[in-house]
């Protein structure tokens, strides 16, 4: 009988290489790069299989064949696919996202213009959603099974179940047209469109920088309706998740501990339970924020909001592939960034996740 | 927590407070909602889009113009007068004195020659309009030249009908750019093209203030305009894609003019006491293109039957209410030689008989590529319904503009429902696409609509070529009449309607000047109470 | 031992409405408590924990309490308003829960949680509260109280966590402590150390203690008096020192079925349950 | 008669269902389902939801009987009539009866829901459980792919897909499925991670159960409940995305009476002739609400933790 | 039957088992005692192949174990877990739980085997189609034992099999385990934190602390309190119950 001594020391060393803080950071960056690259590749391929002629977008329907052929060559569409992709990726690595066919400008400039619009809308919507959603969720959880719970549930479900374009148009008709509480489509009254030189691109901040309170309030009155309508959706989601997290936390032992200590129910709910609810909730909020940051195409169309969603959609429908690729990379990066941010927040809120 | 409550209170306050200021646009500014996301360039040598052309029409002066009320009245704009040589091949233009560019530079013959040469040299989409006269990048420098400070000469390769030449010069390619300004921005010998795509160098009644693609376009009045300073000091055009949003803005008074309201919206606003409408027949034609590659559609009896299967009056009075008139010839009303008789009406029995003659008494299946706009979808669905009466099963394939067009140009459609807009005001513009197809092979270099529908136009091609050389206007008219009748009877086109543009205006807005083409809608005469 | 009566319970019933119908977890429990250490022993489901919770009015929302008498000093614990309960809980009656891993709030520092317990009942400023908290941490024999004060619950061991729990529950100086299986999540030596700390503190401050456990052995060595519960009822009440003379077959069965370190591998005596135990009154 | 059947039914079936000592696998399964049903039945809102969903199925099946008119019959002389005795919900821009179109449209809504569920859910489940179970590079690769799809703007991905395949309801459904699976993969993976380390999986492994057996027989059932709940809750979203694609003209093809397309077509009349767009909008709303209520109820039954 | 020599185990950076060696004869019963974190459960997990990073020698029935356990290994070695609530699949009926190993090993005749296994652990046939949640803790642990037995293994690894049970139930389960060893000639390794339980069940005992075996003793030695290592002595004293005087002498071992 022979006896084999098993040794796995090498494997252990390998494992150690990736186990440290540095290792996990490298892994994170690596996976980010892979994700972005994959995003790029998929988008690129989509662009090539799309049955829309990108040359047509550039030259128009009535251009003579000679012009068409020349532009096609200029756009590099006669090269093999891999070569086009290679050129595209190496350009991006040099910070060149190419030029949009539709706007005749560098894609990066376009994105710098449209992204703040989306960012502003998504941020305001998320703020409203969080400010209302969390208290509603808490309220529902505390009164589980009673009418306030049902009320919040129904309110949330209505938000979940409403076609946004219908809600948007109805909202405009009621609050803008009939009641006149808010301003109409657009980020500012049409007349003001070129009054503001974009510094940050965020209308609410730019108007304040210019110190023009009239314009600021104008911007507020324009953003409030689309943001509220978007917020309704994230609110419904946040309230619902808050409720279920809250119920979970309220059943925990430490809540009993707090009650034993004689602490008021208000403090137990808002300090003890909510403190713990915020931990998983951060991820939920981040996710809904990230989704809003992709740009809500339909809301943007209805409210003439020149945002990222509309930009990418239009570009896609007109086969403006540089713009679509650039926009997608931005959306992907934002998505990943927001997830990272939620990770950081998670660590801040949950001492157990800290090192 | 306290912050949260504060936020809540603020949120509620904001949500309920009437924030919107009293909606009223300033008296000396014109605010307009318009679907302008088709603008991809501001260089007049490249512009070939509807709203882009409208921009150029308001910001650049052209060599020649015509009267919006009566297209046959041609007059000089930048050209004060012109002479045509005996052999009809040389045009001499006398340039108007006293025109100034926005840069302050005076407009001279040098700018005019440069502008025309530039169109040919840049060779962008609209360049063919001048190219028809035998101008190429190689010969243009000698064929178009200035003879003195105020005179430009243009030599043609054939004795074209003068009206043809002059109408071509009323198009966007006739716009005069500021040579000094443009050349100051030249890069790599591009004649300033890259720069001018997003900038301005003209002398028109308005100057570009700012263009934000897909968002807004704003213009300021040229305070030194030679032909009368506009009353509107600013014109702001906001891109509003959704027609319902345009309507809301207009009703609310946040804009003065809405340009893209749909027929039903207009109908619902007919009784409004704050809004009025201005109609202008346009050159655009709605038509069905029937691919001759399709075995059923290549049958002349079938083509004829289909022409009896459209509810012309129904559509034009409902889906396109006020936005079209029935028109079945390929030259729109208002064009030289346009034919205005409309022989076809909805006649299911006749169509059935024709189908039976064609050996298809039970109809057939066919598909139609349809752009997904309200108007086109509406028409398509009505056509679908009437064709079904004759047993023809029409499948609608909806798609975005880019998509349907790509298919159409690649001759992969059965039927394409589309709109054709003339490029310039001469009848040749439509004749050369509906009735002209020198090479019907897939590899052809010229791809007019006849080619797209794989229709061998036969001797019509030669007849079309002959018509532009006919210098006797009356004879020329007769030639076009014949071409139109021929295409109407045999062509692969079911031409249905001529477009009418309707602008919706607030009551206090007057004198918007809408022309027959998309590049002669002028803002310069607009006044507001 | 029961010279001054602190708590008097008569005929306590605790019931729950569940999806499967009504359940009576506690069925007519009665006892009196002075300044002593009373053990409540029973197997899982015997109603021992529910008895402890009922005294603090912490029965779950779907439950209801009924008792002929539930008197804490001069306070009738039946039908107290939430406001009045808050004056009783923590300040006068407190409870130590089973597992510090779950019963401490994971996102608040240990110090904050102790301070919170103190300041809820004493109007003192933060600095004073902190001083008291550190003092309290010292008195539960935590070596580096400043460090533990700033720690989060997951950063301290199970034994340490339970000491924190004791400090937190004792800081407002309640008169009665209910310890519900306070050591069953701990290793045996740590368990004894924690109990020693609790023992010392309760003695020093003259508090009464109800010690709830499933471990008959442990309870009898720790408490003065033991209540043995079975199926929601008290089947035997006995002085801890007399445990070996327990009369009730259930108590005897429980004692017998414990494995012993006597090197004997023979089968253990098995508890033979008698349906009569569930209804029989305590004699 | 009902009385007799119910009397027959009650003593016969109920004890059989609620028996603590079932005699066969079938009885055990039925008993379990019965308990779940009882719990669901307690939730009145969930019952409303179930009622709506069942009505949808019923309307789909009975459309030809229920609809008063041919949903495709256009008549330009009758266009955009307000609700009246002949046309309860009015007529649309081509003079078609809106009630009939809404009734016939139910089947497309049902189709969207059913097809997305049978495509996206299994894919997500498989990817998630495999990634979570094997961990290591398998997990990395699968999760990167999932991330790519998650990071993609959803509507854009769907749009691109529809644009590539051509507009139409089937392609729209495929596109929605394509964007819907990554969250399911995430959920299944998270669930797998918590389950993977549990003793019963370890125990099964010690019985010699293969990896495939573990994933399919042991892990999948544990992921199923949270997935079912999530899918039910998502159904409303799917209907709305399908409607959104319809709004952009890339969903159902005319003259198909798909609700989203109907809302979209009618939106230009929304300000004056509200019913054209609002009636199908309400239909979408009610059905979404039904699925949401049902999903909420199922969550309580299947997923006692209530969390996500 | 079981020989373990110089077993070392790492969890990442943590060296959790240090030179653990012991052997168990055929039909023997070996106990591992220690507090949480002593590494006692890790020994069992390493034997069953759940731990990757180990070195040393494990020999079972004269066969050296390599990195992977083949399916035949599980015919010989089975395990009973601590928590009967966690070790039974909540969505499977008892029938499925018991018949699965029969099916996996293609033993056939699963109905008879399931009924027999249930009988062996003292459960009647009425339990067969219930779900785990319909059973009490003791009944569940019996099912878990039946599952371990259904493959007729030679070795049973017991990971705190009674620590989650009430003492009266514990007695029943311990009696059952003793009887099974006697009747089926099984070999046991039992892990527990309870000195009394191990002393009752096992012939040989090892006391573990911080990944090491600090002392080996027989059941007799344990009963007499003949322990040398101060750690084992402390453990022994603690097991005697609460005695205020002794506690102050306790030392922290970590």
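We call the chains A, B, C, D and E, going by the order they appear; numbering starts again at 1 in every chain.
In this section, a residue touches a chain if its C-beta (ideal position, glycine included) is under 8 Å from a C-beta of that chain, and two chains touch if they have at least 3 such contacts.
Remember, it's a predicted structure, so these values are computed and weren't measured experimentally.
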item: Chain located farthest away, centre of chain C as origin (C-alpha); value: B
item: Most centrally placed chain - per-chain CA mean versus overall CA mean; value: A
item: Contact-richer chain pair [A-D vs A-B]; value: A-B
item: CA centroid of chain A to CA centroid of chain E, Å; value: 52
item: Distance between chain centroids, defined by C-alpha means - chain B, chain E (Å); value: 87
item: Centre-to-centre distance between chain D and chain C (centres being mean Cα positions), rounded to whole Å; value: 49
item: Chain A, residues touching no fewer than two other chains; value: 51-52, 169, 173, 177, 317
item: Chain C residues counted as touching two or more neighbouring chains; value: none
item: Touching residues on chain A, where the partner in the complex is chain C; value: 252-254, 256-265, 272, 275-276, 279, 349-352
item: Complex contacts: residues of chain D adjacent to chain B; value: 72-74, 76-77, 79-80, 93-94, 163, 166-167, 248-250, 253-255, 265, 267-273
item: Contacting residues of chain A [partner chain D, same complex]; value: 31, 34-35, 38-39, 42-43, 46, 49-52, 150, 153-154, 157-158, 160-166, 169-170, 173, 177, 241, 244-245, 247-248, 280, 284, 291, 294-295, 297-298, 309, 312-313, 316-317, 324, 327-328, 331-332, 335-336
item: Interfacial residue positions of chain D with respect to chain A in the complex; value: 45, 140, 144-145, 147-148, 150-156, 159-161, 163-164, 166, 233, 236-237, 240, 243-244, 247-248, 260, 263-264, 267, 270-271, 277-278, 281, 284-286, 288-289, 292-293, 296, 299, 305-308
item: Interfacial residue positions of chain B with respect to chain D in the complex; value: 242-244, 247-248, 262, 264-265, 268, 311, 314-315, 318-319, 370, 372, 374, 377-378, 380-382, 384-385, 395-400, 403
